[in-house]
Each structure stands twice: as C-alpha cells, then as structure tokens.
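I'd like to ask some things about the structure below.
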C-alpha cells in the first residue's frame, strides 16, 4: 500500500514536470528560454517515472530490479548533448538569418 | 531426404555469400566461381525437370515445420520449367558477361547470383509472403544490375523502375496484410482450402484483396496501363542483364498463374476475378508492344517491345484458363523467353559491329559475316515474329487455338496476328538495314570502334548466342515432347486439388484460432 | 478504435501517395517512407486490436497478440529500409549525373 | 490507486505531447521544431514506462531504453545538418 | 504385285519428295563451295529426283486415287506431318518440279559468272520445297506452314540482289502483302478446322455442307480469300507482284508462272469443294477475279519495261483464273485448272525469253529495244509463239482455255434476263486488252524498227540457255495442238479433286465449230490490234492523267508514316514520366479494387465485431500522426522540416506498436527510424528541396484527389478487415514456439525458425541494398547543395565527441544484451545489429568520418559475406541430420556453478543476421559519407593548385 | 602495469559495462557475472581505438558525493524553474553568461557542461577550450557573478578533484 502511494506520487510528480516542461516549450518567448523546458521533462519528469517503474517492478517480482536505471543513465548522457547541439544550431541559424538581409 | 528443391536457391545464394566473403580476389577467381555455380545450377535444374516429369508434386518443408505454418518450397512441373529457363538464361547471361561487362561496375557477380536466387525462390516457394521476399530479392538485384555499367540513361530508367516497383511492393504488402487479416494464412495451398469457406459477408473483402494481389503481378508482368516502364528499362540495361531480365516479366505472369490456378478457381466468388478485364488489357498490351516495335528506332527497343507483346500473349493464356490455354501459353513462354534473349544477344552483336550507329536503324557500316550473323538473325526473327516454321509459329497457333472459345477470341486473334505481322515487318526492315544495305564509304565505316566493347573477347557472347539459337531449334524439333510436357504441366495446374494434397495432405489437421 | 486505426492508415496512405506523385526525388523518398508506415501498420493490425499481452510465452500470460503479422512487419520494415537506402543513393546518382533532382525528364510537373 | 493515478498521468502527458505538437507546427525556426521533436520523444519514454507499469510487464522496458538511447541521435543529426549541412564530416 | 509394292512405297515417296528440296538446299550450299556448276548440277539433280520420286505414284493418282500419309507431330494442336497426293496436287507438283528444273538450268546461264549460286539455288530449292508443301499438305496448318515458308523464301529471293534499293523494298513489300495474307489465312484455316473438327483435308473436304451452313462461313471465306488473293496478286493486293521483278529473272519466271501466285489459286482450287457454291463466293471471287483480270490487262500495255508488261499480264491472267473459279460452274473450274497449266507454260517461257533479251540488250525498256527479230531470230520466234499463246491465238494452248472461259461466260446462271450479255461483253473487252498488250510485246520488242542506244549489241544466247524456252514453247504447241493427249488425263484427275461431286464431260479440242465464243475471240483480236495501233493516244492520256506513284517509294512512305504515327501515339500514351506511371498505377488499382468489391453486391463494409473502446493514448497518437503526416506533406518542400515531421510519424508508429503489444516491432522501428533519418540527412546535403520543379495547382489538385481516393480505399479495406473476426494459423506458432522452437519470444522464433527462410532473404536484401549503394556511389562526384555548404567552424563539437565515446561501449553492451535475449524476450539479431550499427554510426556523427573511418577498419563486404554464410551454414547443418534446410535444434546446457542456459542453432543464425545488419548499415553510411569527403578532397586539392 | 592497460584499456568503462550488464540482467547469477566480465573486457578492447586518452578516476568517493549533490540540485532547481515557467513571463531575465573554467581535459569539461545542462535553469551552449570559457544560457539571471561562482564551486571544483586535474 505504501509502495503504491510512493509509486503514485512519483508518477504524478513525473507527469507534472513533463507537463511543465512542455508548457515551457509552448509558452516561453524565444528559443533559448524554450530550450530549458525539455530538460525538466528529461531529468525530473522521466527520472521520477523511472524510479516509480523501478519500485513497481521490484515490488511485483519481490526482488530488486535496477534495469530502469539504465534508461536514466542514457538520458543523462544524451540530454545535455542534445541541448548543446540545439543551442549551437540555433545560434548558427540566427547568425545566418541576420547575415542574410 | 532429397534436398534438390532448395538447391536452385541455395547454390546462387551461397555463391553470392562466398563471392562477398572473398571479395578481394581477382576477376579470374570470381568468374570461375560464378561459372561453376551456374553450371551446377543448370545441372540441378535439369534434374529437377526430370524428377518433376513423373507428375509428382513435392513439398520441401523448410525448418521441418508442417505446411501452412512454416514455409514450403514446392516442385512441380511448372516450377521446374521456370527454374530450368532461368538456369539457361543465367548461363547465357553469364557467358555474355564474361566478355567484359562484368568488370564495368562493382559486385556484378554477387548481384547476378542473388538475382537468380530471387527468381528461383519466387518460382519455388509455396508461401505468399515468402514470394514477396523473393520478389524483393530479385528486384533489388535487378535494380543493381540495371545500374551496372553506369550512365545517365541507366540511372534515369532505373529511378523510374525502382520507384514504380517500390510502389508495387507497397501494394503487395497491403494485399498480403489483407490476405492474412482475412484468411488467416499465407500458404498458397492453404489459401485454396480456406477460400471456399469464406462467409458470404466477407467475400467482397477477400475478392478485393486478391484483386490487389493481381494488380501487383500484372504490374510486374507489364500489363497495359502499367507496363510502360518495360521497354525503357530493358533497353537501358547492359546486355547480360537484359538477357536475364527476359525472365523478369515472366515472374509476374508465373505468380498470377500460380495464384489463380491454385486459389481463385476454388471459390465461386473469386473464380471470375480475372474476367473479362485481363484479356482486354492483355490485348491492349500486345497492341502497345506492336506500336512500340513499329516506332522503335533501334533493334534492342524492338526486342524489348517483343518482350511486352509476349507478356500480353501470355496473360491472354492466364485470362483464358483451362488446360489448353495453359499448355499453349507454357510452350509459348519457353519459346519467347529463349528467342527474345537470343535477339538481345544479337542486337548487341549488331551494336558492336556497327560502332557509333550501334543497333539504330541508320545507315552504318555493313555487318561482316552476313551468313553467320544473318542466319542467326533470320532464325531468331522468324521465331520471334511467329512466322512458320519455327517455334514462334507453333506457340502462336497453340495459343490462338486455346483462346478460340473465349469471349475475347476475336480481339485476341487479331492482336496476335497483327502483332506478329508488325514484328515481322519491323525485323525485316532491320535486316534490310543491317545486312543488305550498302555500307557507308570506307572512311566513314572505319569510325572509332564500339563504345560497349570492353574486351575483344566476344567469343563467349557468340557462344551464348549460338546456345540460344540451338535452344530455339530444339524447341521446334522437340515440339512434340515439349508440348507433351507442357500439357502435362497444364493438367497439373488445372487440378489444384493435387497441389493442395501434396502440400497439406499429410499435415496434422490444421488447427485455426479465431481472433480476436 | 477500429475506425480510428483505419483512418490513420488511410491518412498515411493518402499522404504517401500525394508525395510520391511529386516531381522531386526527395519527395518521392518521403512518400514511400510514409507509404511503408501505412503498409506496416496495416499488416500489423491484421492481427486485430484487442490483444492483452505481447506474443511472449511467459508464465501466467494469455491473450497474446498475433505473432505472425508482427514477424511479417519486421521483415517488411527491414526490406523497406534497404530499399529506401538504395533509392536515396540512386537519387543522388541521378542528381550527380543530370544535375537535377526531378524524377524524370518528362514534361509532367 | 494506480488505476486512478496512471490515467491522470497519461492525460497530463497527452496534454504535454499536444503542446509539443503545437510547437512543432508553429516553429518558427527549425531548431524549435527539432526541440519539439526531442521533447516529444522524451515524453514518449514516460508514456511507455507508464504503459509498462499498467501492464505489469517487462516487455516494455527495452522500448523505453531504446528511445532513450536512440531518440537523441535524430536530434544530433538534424542539428549537425543545420550546423554544416554535412552530418558526418 | 509390283503395283502393290509401289503403293506401299507411296507414303515414303511422298515424304521423300517433300524432304528432297530442303535437304537439297543444304547439299547445294555444300556443292557451291566446290564450284558453280557443281551447284547447278546438284540443284538440277534435286529437282529431277523429285520428279523421279513422283513417277511411281503417277498411275494411281491419275486414276483418281488419293494417297495420304500421316506422321503425328502435335496431334492435340491439330498439327501433323500429314501429306496428300491427289490429282490437284499432282498437277501442281509437276508444274513446280518441271518448271523448277528448267529454271535451274536457265539460271546457270543467266546468273552472272561471279555468283557462286550456292545461296541462289539453296533459296530456290527451299522455295520450291515450300510450294510442294503447300500443294501436298493434307493437314491445313501444315499447309499454312509451307505457305509462309514460300513467303519467307520468296522474300529472300526477291531481295537476292540486295544491294539494290528496289530489290530490298520489293522483298519487304512481298513479305508484307503475302505474309500478311498468310496471317489472315491462318485465322481462316484455324476457324475452318474448328468448324470441321479436324485440320485434315480429307475430313474438311467431306464437310462442305456443314461449313457453308455455319454462321462463321463468311468469316472463314473472307479470311481464306485474303490469303489467296494476296498471294495470287489479285487487285488491290497486286502491287507487290510487279515490283517483285526486281528479283533475278529466273526467280521472276518461277514466281510468276508455276509458283507463288499459283499458290493463291491453288488454295481456291483446294478449298473449292468446301467454300464454293454460295452467293458470297460468287460475288467475292468472281468480282475480284474480274476486276483483276481487266485491270491487269489494261495496265500491262502501259508498261514500257517488258518485264513490267509481263508482270501485269500475270496479274491479269491470275485474275482470269480467279474469275473462272468465281463463276462457279463445273466447267469453269475445269477451265481454271486448264488455264493454270497453260499460263504456267507460256509465262515461264516468256519470262525466260525476256530474260535473254534483257541479258543481251542490257535494258528492258521497250522504247529502246526494237527489231530483235533481226538480232536473235530463234529466240524471237519462241517469244512470239509464247506471246501468241498469251494473247489466245488459235493453235496455241492459251487459246483453248480462253475459249473455255468465253464459253462459260455465255449464259452464266448469275446473269439472267437482260443482263445475259454483260458477262460476255466484259470478257470480250478484257480480251481486247490482253490482245493489245501481247501485240505490244511482240511488235515493240521484235519488230518496230531499229534499237535505240543499246549498251551492247544483242545476239542469240548460248544454246543451253535457250533450251528451257524451247522445251516450254514446244509444250505450248503440243498442248495447243493435241490438248486431250497432252493434258487430258491430268486435267481430269485434277478436276476430280476439285469437283468431288463429279467432273463434267469435257473434250479438249482445237476446233469447236463456229460459235459465239469464237466470235468473241475474233472480236477481241480485231479490237485488240486496233487498240494497240492507237496506243500513242492512250499513252498520252496515261502520261497526262494517271497518278505517278512509284510503289516502292509509296510503300516505304506508308511504312515510314506508320512508324511516325506509332511514335506519335507512343509519345502521347507513354510520356516517359514516372509521375504519370505512378498516377496510372494508383488509378488502375483503385478501379480494380472498386470493381472487385462492387461486382459482389450486398456485402457490407462493416463487419460483425463490436468495436474496441477508444482511449486517450490512441487519440493522442492519432493527433501526432495527423500532425506528422500532414506536416510532411505541407512542408515537403522544406527538406529538413519534412524530415522532422517524418520522424514524428515514425515515433507515433513505434508508439502504436508498443501500445498494441508488439515490442519487437517497436524496437526495430525505432532503430530503423534513426538510421533512416541519418541516411536522409546525408543525402540532403546534395539534394535541393523542390526548387526547380513546381507542380501546377491543377496537378496538385489531381494528385490530391488521387491520394485521397487511394487513402480512402485503403482505410475502407482496413476497416472492413478490422471489424471482422478471422481464423488464423498463428495459434500453432504460439503453441509450438517454446516446445518446438525453444524460445518464448514467438516473433523471434518465427523470424529465425518458423519463417527463417524469409529472414535469410531479408538479409540478402539488406546486403544487396548496401552493396548496390556502394556500386552507385562508387566514383560519384556531387556538388553539395549551396545553402548547406557553409559549415560551422566547430565541426565536431567537443561535448558531442566526448560524450559519445563512453556511449559506444555501453551501447555495444546493450546490443549484446538484446542479441542474446532475443529468442526469449523482445530483441534479436536484427535489433541488436541495428543498435550496434547505430553505436558506431554515432562515432561518425560525433567525430567525423576521418576519425571514425580510421578506427573502423572493417572490411564490410567480408563481414556481409560472412554473415550470409553463417546464416546459410546454420541452415545447412540440418542436412547432417537428414532434415530439411534450416531445421533448428536447441538444448539446455548446465555447466558446473552456472545456472543452466539454452543453446539454440537459431541463435547462431541470429548472429549471421546481426553481422549482415551491422555491416550493411555501416557500409551504406560510410559510402555516403565518402561522398562529402571526396568533394572536400577535390576542393582542397584544387585550392592547392591555385 | 604494462600488461594491465593492454588487457583492460579502460577500467572505468569496464566497470561501467559490467555495472550496466548486471543492471540489465534478469538475475544476478554467476553466469551473468561471467558474461559481464567477458563483455567488460572484450568491448573496451574492441573499441579501444576510440579512446585516445584515458580519464583516470582519482577519487571515486568524491564522485559519488558530487552525484548526490547534482541530483539534489536538480530537484531543488526544478521547483524554481517550474514556477518561473508557469508564472508570468515578464519576471524572466534570461541571459548568456560566460563561465571561465580551469579544466583542460575535454572529457571532464564536457562532464561539467553536462551537469550544468542537467540542472534546470541553465543550458551549456558552448565550450570554448581555447579561451577556457563555458558559455551558458540561464533562464533567469538574478546575479551573474553569483551564478558563475556557484557553478565553479559546486561542480567544477569537485570534478577537478574526482579526475585529479
């Protein structure tokens, strides 16, 4: 029961942060501010769901399962790279646009 | 147990793998491996032809799984005929390639053998989805072979061919998805069992599904509104490839024949699926091929259009159905395959000798060795246009007789007679240009030599040509036994119960699960 | 749900068809890719919608999805990928040789 | 409890994804669109994991793992294209 | 006793007689290598031996017996080597062989000395063989075979002097007309055989009543007549015949007298018992013959070339023979047969004589050739006699049959009452023309003053060149004087074959007393000579008004126009446009589908299944799909944006796979998706968006319509399928995957075991795609698309490069994980291969091709080959256990200290798959990557140069 | 010591792979451990050429402390940023800031940049190694100097210690 509550909380937190990130993406005024949105979804949002899933599968099998951590591992490795490249690309695009006219 | 049925697929497949794994070896090694493989293929296919000659239908269960659940290869007379034809064309094409075209691009031999594997797989498989896979193998190999040698024309023709066929493949998959989703099986024999049991309310869906399948096959067979690609593609290919391509349209016809004889006829609501549109469009295809032949500016285009005409003629046979029509079209098929391949070889020989004007119907240096080349031309032209006394005529009268009772007989006869007439005239004019007309003055005649001639070794091409001519003659002289074999084949085709029994007969009762 | 799935497949098909009728090679590639999505989905859903478990024979599971269409689609995906790769190369080759990316030399636009 | 929470969470994620699609359509710049795609991908991971929790099945884990591993490659490639037109040079 | 022996020999002799010319043709070719005269003697011997073979058969045949033989060949198609010798066949055989022998003799002198004659005689013999086949065939299809052999060989004979334009055209013209007629005949004979139930003449000839009463009779008749008329040069198919004199004179002599044109009338005679006796026959055959008779005669006199004159006279006489058959009385048929003999004799001699004159004068223009009687009196005498026969001068054979003709015109049953006089009058007028052109030939060539400007001085030809002419003119006289003795019996026998119901009593005699026909003859003579006398007036008129069409040129023009028309048509229907092909395909498939559905009325679209409830995720996914698909379409001109939207579609599809319980598919789709995007982006560097080519809005509307219809069709079919339950075999797979295939992941067991053969094919496709791409890109040079050419200074962002390095080993570990567990849980060789490939691909992306390629020195081709071989070898291993290809095996191993695990042959197969996938993708990517590097190297080297 | 790098060129990676494998494996059995060792040895060996230089984990414990701190920061910062995103937008003061860094090793610098990106509110835009500057975009910059100092103090310093540079 407590496990269920923990899992539920984690899921809700995760979903909330994913939503907030996407709201940011939709709402924030320029590209660089929008870029901050997805990081939330990545880190806290998916992170919470991952932990929820981890607990859930552990509880279901009665053992310890850490597989879901692999997801977070890969996300932690890749998300900053994506953000970095997106930022660079945006800078480049902006430079191109301002150089053109 | 006998593994003969799978060898026609396995031999070229292993050869391709071996050639890839040893890809650093020299041209000589590749050619040797390739040749040995093709010789083995010819032997195997002849064995298959003999073995199937007793009228037995054998199922080779891949993975030892019972029939509708696993994939089966089926050897019957028809499959043996197609495999043998493929082997013969392969031998001719390889001989031709050995004169130098194989080194014009990369990986020729790999693609060549995979093309054969694809063709043979398509002819042997008893499973519809497996048929799709082999279609893709042979198509991709053909794309690559078509591009072999490079050049704008080939790329352009290739692009259209590839895209059109990809669209066709998508259609094939749609048809297969619907087939499985309605009938719950992919095995052709099983299809024959299931079709008659389709509930009333589902019949339109099944019928439409099979109609889409038919559309795929007639696209490959170059039926009228879908066949415009054929002359461009066949003409653009290098010679060995064109020779091998001759069998390509036959794959579509074969598949249609297979599916319609095993499947469509077994249920009343699909029995008339090819009626009456196929015959009319086949007539149109013959007309289109005739127009194309008449409009052609070069011999190879004429030959490509002859391929188209023969495709139309064969489809007439499929549309008509029945032992007679099948027997006739099969004899015709053997003839037209051999003869058009021979004509492609001849067109190449003409091109090589005439230098810059190639096989265009233009004034150019007169051919040397008129008696040999001209004689070869005469034999092939006579056989191709259906003028007596060669096999083309025999095929034509067989097909015409077999169509006598159909509702489209008048159109079919007219199309066949007129197309033969046009082809004869066009080929006569070509002969006049190539062999009879005085050549250009000497200084012009000695213009820089042929573009296509890579090595001076054309002996192997000539051997291929001689082989095809020999075959053409054998088809006439052996008309009686060949015709008997074809009739027996047609008998086999017209009795799908035998096929179904051979594939599914001793399987455990097929348990079907209702979904959802 | 059946209606939605059908509509989705129809939508993909229509989009794919429209794109393969465009005059540039790249559009055709896009169109064929969309078309193959549609086709794969069609085959896949041939196993019907209502399954409650993937086709894994694990203890205590039932209501497995139909495995056969899944295997077919897997094959189709890979073949489709191969074809796309080849087509892309061919488009490049055509571009390199004739300087444009029109699908044909004909008049249609 | 989970029976109640998960649908709610899924709905929230659906809204999130809808917002991603909105950005995707609106753009305005190409990086914006790539960013929207990237976010959509990451949100999909969450959805897949939630489905996995619902089904109590391990069969969904690999899919989520793969989206995490592969999803960003598209972003990288698209960005590199914007950076130089040549993604592997 | 002796007779019996011979009649037993009959079938053999008959077959032999037919084989002799064809075998002889080969012998002649061999003999010609030795010498010219060897060729001539061989050819003559061949013809003579044919005649010799005929001798034993003569008595029985003359007495009305019919000899038939039959060697079955393709009985079920009605084609057997069945031969028949009856009176009619005998008559023609004698003509073909007899005149053929003389022609061979004549040609030996006529043909130029440099010609080795091998080809000539071989063709001539083959042609004679074809003719023999036509007249001796019992099987009608066999007859057609030989019929077309004559078309073919005459084509080659006419083109014998192929250096000459006229000869080539004439040959093709003859082929077009006679070959074309042969095709009609083929159709006619097939129909005839169908009606009669057999292709054997014996059967057909006995079923005349059935055939004439059959509804297809008119069709058969017209088709057969087309064959007969084209061959025998009937108007309006006559034009090939005059041109055919481009052939060497011996050939013309043969074609015009005993063969070729005679094949046409032979056919009329052969099928006379079956086809005649109707009004339609009377009208068609009679009128065609009449028109040809008159037309040929009228034109003949206008020809200044004497071979031309003779050619038109042939047309005219063939018209006469046709008219005689058309008159359809027993006596007229006899007359026709008689005139066939007579015409053959005098026309052969005339042509040979003409050949001599041509040979001696070097020209054939009668305006220059005059007074030949003075230079070659003996030849002239022969020519005058033959021409007299042609004109119908009494005491010569031509007179007799013409007189029979006149007799038959009087009181013919078709012209009753006031019309009685019409036919005799017509015959007389036509006779007038015949006399006139004969008169011109005689007077203009042999008399009429001195020759004008001849290239050489004519004199008598060599003795043996004239010999055949002498023989024939001798026959003209013999038949003319002693007709009953000379040809009575053979005519009787031939007539017996043509008139099975009874040959009328006839007596061939020179004198029948004063009667109307004689009066008609005399009138024709008088008027004909007058007509010739006033010819200058006629020539003037002709010069002035007759259209000037040289038929060779006209033929070539028609042919060319046909070619042009065909080209134009082809351009209209085949625009060589892929867009058009695709649109056609869509339309075709839609129409076929709609037809297939609509032709079974009363079937509902929606099936009986209750619908599955819709959930939010599905709606969200649909929204994603909508955005993705529509976005791709809307932005397809902005390449990068289109790729982004396409990725959305891929993501949604993957998600759908997950949602509907297909994890393996989702994994595959996701990985393939990534590789596809990278591939597209690699190509985009060189492919502009749709900048140059814009569709018109009408086209967009059309395509949009097509797309919507197609999409709706697919949606409808899918819906129909989804709302119906079905019964599937896949329960077997679920039930047997673990027990029989050793895996719990049924999809994977299907892929590597149940349907492993598919997978083997699939990896072949993948390998080929990579190899094909390699072959295409090999040596290709491309300019990058302008806007993408500007590159960032920081080509390999350090963050990317650094983070991707640890990712590589980790991803490879995941790949191994996926590979090993695939048999039991989602995964397998494909997905593992894709993951590994993507892991390596990332290094390309992160650090560039130079860095990555330097570290990945794999020989992809070898790996491809190895992968294919491993997969195949796994399949082959089952042969050792006498099991079919790809029979798998598995077992559980339990080493000490380690828990038991499974080993399955399918896993080895999966490793092969893995290798092929990795190698294919990396090969493809590195090759596409090389494209840019190639361009870069080229640029930098050009910079160095400057 | 010469044999060790040849057999195990990347001990860190080896550990990483083994850890990943044991996480992924369905059970922590001996067989799986054996496989983990095999992979942990073989994969780095296969991919050794992709690692021109080897970062050396000097103080693993400090690393764990840093990890916990980062996770904590992520949680805290997330709440702040969430408020910013949902609240009125005119409160935002986004800016690019240049953080001078003293790390030479590109991998470690990348790690720093990643941490900065992972913590909500900041995104690493660029690493200029020549100038020794990490370019960061921040969603809301109240005090630029404080932010730079925080990054250097909380992340850069511990990272330098972990990798001994």
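For clarity, chains are labelled A, B, C, D, E and F in written order, and residue numbers in each chain start from 1.
The rule we apply is simple: contacts are C-beta pairs under 8 Å (C-beta built on N, C-alpha and C of every residue); 3 or more make two chains touch, one makes a residue touch a chain.
Treat the numbers as computed from the prediction; the structure is a model and nothing was measured.
Chemist: In contact with subunit E and with subunit F at once: which chains are those? Just list them.
Modeler: A
Chemist: Moving step by step between touching chains, how few steps can get you from subunit D to subunit F?
Modeler: 2
Chemist: Find me the chain with the mean Cα position closest to the mean of all the protein Cα atoms on display.
Modeler: B
Chemist: Looking only at C-beta pairs that count as contacts, which pair of chains has more of them, C-D or D-E?
Modeler: Comparing C-D with D-E, the pair joined by more C-beta contacts is D-E.
Chemist: Going by average Cα coordinates, which chain is farthest removed from subunit B?
Modeler: The most distant chain relative to subunit B turns out to be F.
Chemist: Taking the mean of the C-alpha atoms as each chain's centre, how many Å separate subunit B from subunit E?
Modeler: Computed from C-alpha means, the inter-chain centre distance equals 17 Å.
Chemist: Approximately how many whole Å separate the CA-defined centres of subunit C and subunit E?
Modeler: 41
Chemist: If you average the CA atoms of subunit B and of subunit C, how far apart do the two points sit, in angstrom?
Modeler: That pair's centroid distance is 28 Å.
Chemist: Give the residues of subunit E that touch two or more other chains, as numbers and ranges in rising order.
Modeler: 576, 578, 582, 609, 619, 661, 663, 682, 684, 714, 718, 721-722, 725-726, 728-730, 733-734, 754-755, 758, 762, 765, 768-769, 772, 776, 790, 792, 794, 797, 799-800, 803, 806, 810, 814, 825-826
Chemist: Residues touching two or more other chains, restricted to subunit A: which are they?
Modeler: If we look for residues of subunit A contacting two or more partner chains, we find 16, 21, 23, 35, 37, 42, 67, 70, 73-74, 77-81, 84-85, 88, 92.
Chemist: Listing for subunit F: what residues touch at least two other chains?
Modeler: 20, 24, 113-114, 124, 126
Chemist: Dump the list of chain pairs that touch, please.
Modeler: Every touching chain pair, ordered by label, is A-D, A-E, A-F, B-C, B-E, C-D, C-E, D-E, E-F.
Chemist: In their complex, what parts of subunit A are in touch with subunit F?
Modeler: 16-17, 20-21, 23-24, 27-30, 32-33, 35-37, 39-40, 42-44, 47, 66-67, 69-70, 73, 76-77, 79-81, 83-84, 87-88, 91
Chemist: Which residues of subunit F touch subunit A once you look at their complex with the stated criterion?
Modeler: Within the complex, subunit F contacts subunit A at residues 20, 22-24, 74-75, 78, 81-82, 85-86, 89, 92, 94, 96, 113-118, 120-126, 137, 139.
Chemist: Under the stated contact criterion, what part of subunit E meets subunit C in this complex?
Modeler: 575-580, 582-583, 586, 609, 611-615, 618-619, 621-622, 625-626, 629-630, 632-633, 636-637, 639, 642, 646, 649-650, 653, 656-657, 660-665, 668-669, 672, 675-676, 679-680, 682-684, 686-690, 692-696, 699, 703-704, 706-708, 710-712, 714-716, 718-719, 721-723, 725-726, 728-730, 733-734, 737-738, 744-747, 750-751, 754-755, 758-759, 762, 765-766, 768-770, 772-773, 776-777, 780-782, 824-826, 830, 917, 920, 924, 927-928, 931
Chemist: Once bound in the complex, which stretches of subunit D touch subunit E?
Modeler: Going by the criterion above, the answer is residues 7, 10-11, 14, 17-18, 21, 24-25, 27, 30, 33-34, 37, 40-41, 44, 47-48, 51, 58-60, 62-63, 65-67, 69-71, 73-74, 76-78, 80-89.
Chemist: Applying the document's contact rule, which stretches of subunit D touch subunit A when the two form their complex?
Modeler: These residues of subunit D touch subunit A: 1-2, 5-6, 8-10, 12-13, 15-17, 19-20, 22-23, 29-32, 34-36, 38-39, 42-43, 45-46, 49-50, 52-53, 56, 58, 61, 64-65, 68-69, 71-72, 75-76, 78-80, 82-83.
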